[in-house]
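Here is the structure we will look at.
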Amino acid sequence: MTLKASNLTLARGGVPVLTGLSFVLEPRAALILRGPNGAGKTTLLRTIAGLQPAVEGEISGAADQIAYAGHADGLKAMLTVRENLMFWAQVFGRHDITPALDAYALHPLADRLAGTLSAGQKRRLGLSRLLVTGCPIWVLDEPTVSLDTDAVAMFAAAVRAHLAQGGSALMATHIDLGLEADVIDITPYRAMTTLRVGASDEAFL
Amino acid sequence: MSIWSYANPVKFLALSTKVQPFLWVAAAGCVIVGLIWGFFGTPDDFRQGSTVKIIYLHVPSALMAINAWFMMLITSLIWLIRRHHVSALAAKAAAPVGLVMTLIALVTGAIWGQPMWGTWWAWDPRLTSFLILFLFYLGYIALWEAIEDPDTAADLTSILCLVGSVFAVLSRYAVQFWNQGLHQGTSIPVATGERSVSDVFWYPLLTSMVGFGLLFLALVLYRTGTEIRLRRAQALRVRAGREL
Amino acid sequence: MIALLMRDLRLAFRAGGGFGLGLAFFLIVTTLVPFSVGPQPALLSTIAAGVLWLGALLACLLSLDRLLALDYEDGTLDLLLTAPLPLEAAVSVKALAHWITTGLPLVLAAPVLGVLLNLPGAGYGWLVISLAIGTPALSVIGTFGAALTVGIKRGGLLLSLLVLPLYVPTLIFGAEAARRGAAGLDPATPLLMLAGITLATIALMPFASAAVLRMGLR
C-alpha cells in the first residue's frame, strides 16, 4: 500500500505550522522526519494517522492501514504484558502475540504487570504492539525515547523485518538506526506567519 | 448578496456596529414605554390586584429565556454544518444573556407567586422546567469556559446544545407528567401566559415583549462583537509571538 | 469489541480499578438519609423509593470521570481512534462495561438497602425493575458527559454539572415508577417511558459521544 501525501497544510491550535508538504511512501521503504522541536513533526504524524484533519491537501492510502505509536504507549498498569498485547491484537482482529514477544525479548516479562516495568521496558512493550496490529504502515513518533542501545537494535531489526515483509514506516527520530531510509527535513515547509490560508482564525485578521 | 457574507467577522462587525445605536434606542424605548404603560397606565386586575403588573417583566423575560436557547440551537447547527465562526461566537454570546433572562423569569415568578399562591416556590411544571433550563445554561457556559482551544470549545458546546435541547424538551414533558403524578388534581393556577389577556393589558405587554426582544438582540450583537475582537486580538498575539 | 469489554471489566476488578466504590457510596448515602430526615418509619417508607433512585444515580455519576479520562491519559484513546474498531462501538462497549461494573451491582444491592429505609413490601420488585431498566441510560448519558470533558483538567465537577441536567427525565420516570410500585399503584406508564428513554439513548447517544471524542482529541 503506497501512502501519498500531497500539498499538506497543517495547523496546531488554530495556527498553521506546516505548508506545501508532499511525500510518497512506497512499500518496503522507510521515511524519517527531521526538524527542530515545534517544527510540526507530531502534528504531521497525528494527521497521517487520522487523529486530526489536514487544513489543506490530500492523504491517500492511509485508511485502516496505519499502526500509530505516539508519545504515550497506551498501556494499562494493572494488566500484564501478555494481557496488554493480547488486547491490542484482538482489537486489530488477531491472536498471535508470540512474534511480538520474540522481537523485543519480552518473554521473561510476559506475566509481569505493565505498571512494574521500567520506562525502557514499557517502551519496548509499546513498540511490540505495532507487530500485533498487522498493519502495513507504521507511523512512529520518537519511537526510541528511553530505549537503551540493545533495545534500539531490537527496534531497528523489527523495522527492517517489517520492511522486508512489504511494510513501510514513517517516523520522527533523531537517532541513526542504520536503516536505508529517506530523510525529509520539514524545516523548509514551516508556515510563515504571514500565511493566512488554513488557520482557523484567519477570518479574524 | 447572500446573508452568509455576514459570516465574515469583519463584515459582521462593521454592520453590527452600525445598527447597534438604533437597536439600543429602540430597545430602551420599548422597554421603558411598555413598563411605564403597564405599571401606571393599566387598571388593577379584579382578582390579583396590583401584583398582576409583574407580568410585564415576567412574561417577556421568560419568552426571551426560551428564545435565547432556540437561537443558540440554530447558531450551533450553523457552526457544525457551515463552520462560520461568527455563528459559534453568537451562541457563546447569547448564553449568559439567556441565563440572566431565565433568572429574571424565575425571580419575578417567585415574587408573583408569593402573594398569589402563598409560597415563593412551587414545583409547578412550568417553574420546574425553567429551573432545569437554568441548569442547562450553567452547564453550557461552564463548558465554554473550560476548553482552551476556541474551535474545539465551539464544536463541543454545539453538540452539547443539540443534545441538551432534546433532553430539555424531554424534561419538560417528564416534569409535566411527574407533577400530575404527584399531586393529582391540585389547583395550582396555570401560569398567566396562557390566560386570555384583555386588550388593556395586552398592548403594553406586547410593547414590553418587543422591547425585551430588541434588548436581547442588541446585547447579543454587542457581546458577539466583543468575542470577535477577543479572537482577533488572540490571533494577532499568536502571530506576533511566532515572529519573535 | 469483546476484547475491549473484557479488558475494561478486568481492569475494574483489579486493585485500584474502583469496583465497589460506587456500591459503597450507595450504601453510605442510604445510611445518611435517616440521619438527616429522622428515623420515623412512616416518613422513610414514603421517601425510600426516591432516595434509593437518587442514591443509585449519584453512585453512577461518581465513577464517570474515570470512564474515559484514564484511557485519555495513557494514550489508549488515541490508539483506539486509529484502530479499525468504530469509535461508536468503542464508546458503547465502554458504557456497557460501566453499567456492568457500576449499574448492575446497584440494581442488585437496592433491595437490601430498601430494608434499611423501610420500603413497603410491594415496592421491591418494581424498584429493581425500574433500576434495571433505567441505569443503562445513566451509563450511556454519562459516557457522553465523560466524552465532553475528556481533555479537560479537573473535569470531574464540570462533568457533574453537564450530566445531572441530562439525568432529569430518567430520574423522574424511574423514581416515579418505583414510587408508584411502592404505593401499590400501577407503574406501567412511567416504566414504559423509562424504557423508551433507555432504548433511545442506547441507540443515539453513542454517535454523539463518538463525535464529541473525535473533536476533543483533535
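Per-chain numbering from 1; labels A, B and C assigned in written order.
By our rule, a residue touches a chain if its C-beta (ideal position, glycine included) is under 8 Å from a C-beta of that chain, and two chains touch if they have at least 3 such contacts.
Not measured: the values here are computed from a predicted model.
Asks: Assign the assembly's chain-to-chain touch graph to one of these shapes: line, ring, star, complete, other.
Replies: Graph shape, chains as nodes and touching pairs as edges: complete.
Asks: Report which of A-B and A-C is connected by more C-beta pairs in contact.
Replies: Answer by contact count: A-C.
Asks: Which chain would you call central, comparing Cα centres to the global Cα centre?
Replies: C
Asks: Let me check something: if the centre of a chain is the mean of its CA atoms, which chain is farthest from chain A?
Replies: That would be chain B.
Asks: Could you work out how far the Cα centre of chain B sits from that of chain C, in whole Å?
Replies: 31
Asks: Would you mind pulling out the distance in Å between where the CA atoms of chain A average out and where those of chain B do?
Replies: About 48 Å, centre to centre.
Asks: Where the centres are mean C-alpha positions, what is the separation of chain A from chain C, in Å?
Replies: Between these chains, centre-to-centre, one finds 37 Å.
Asks: Going through chain C residue by residue, note those that touch at least 2 other chains and give them in order.
Replies: 218
Asks: Residues of chain A that contact two or more other chains, please.
Replies: none
Asks: Please name which positions on chain C make contact with chain B in the complex.
Replies: Residues 144, 148-149, 151-152, 155, 158, 161-162, 164-166, 168-169, 172-173, 176, 180, 189-190, 193, 197, 205, 208, 211-212, 215-216, 218 of chain C touch chain B in their complex.
Asks: Which stretch or stretches of chain A touch chain B in the complex?
Replies: Listed in rising order, the residues are 13-15, 193, 199-205.
Asks: Touching residues of chain C toward chain A in the complex: what are they?
Replies: Answer in residue numbers: 2-4, 7, 10-11, 14-17, 73-76, 78-85, 217-218.
Asks: For the complex, give me every residue of chain B touching chain A.
Replies: 8-10, 85, 149-151, 228, 231-232, 234-236, 238-239, 242-243
Asks: For the complex, which residues does chain A have touching chain C?
Replies: Within the complex, chain A contacts chain C at residues 49-53, 64, 66-76, 78-79, 83, 86-88, 90-93, 129, 133.
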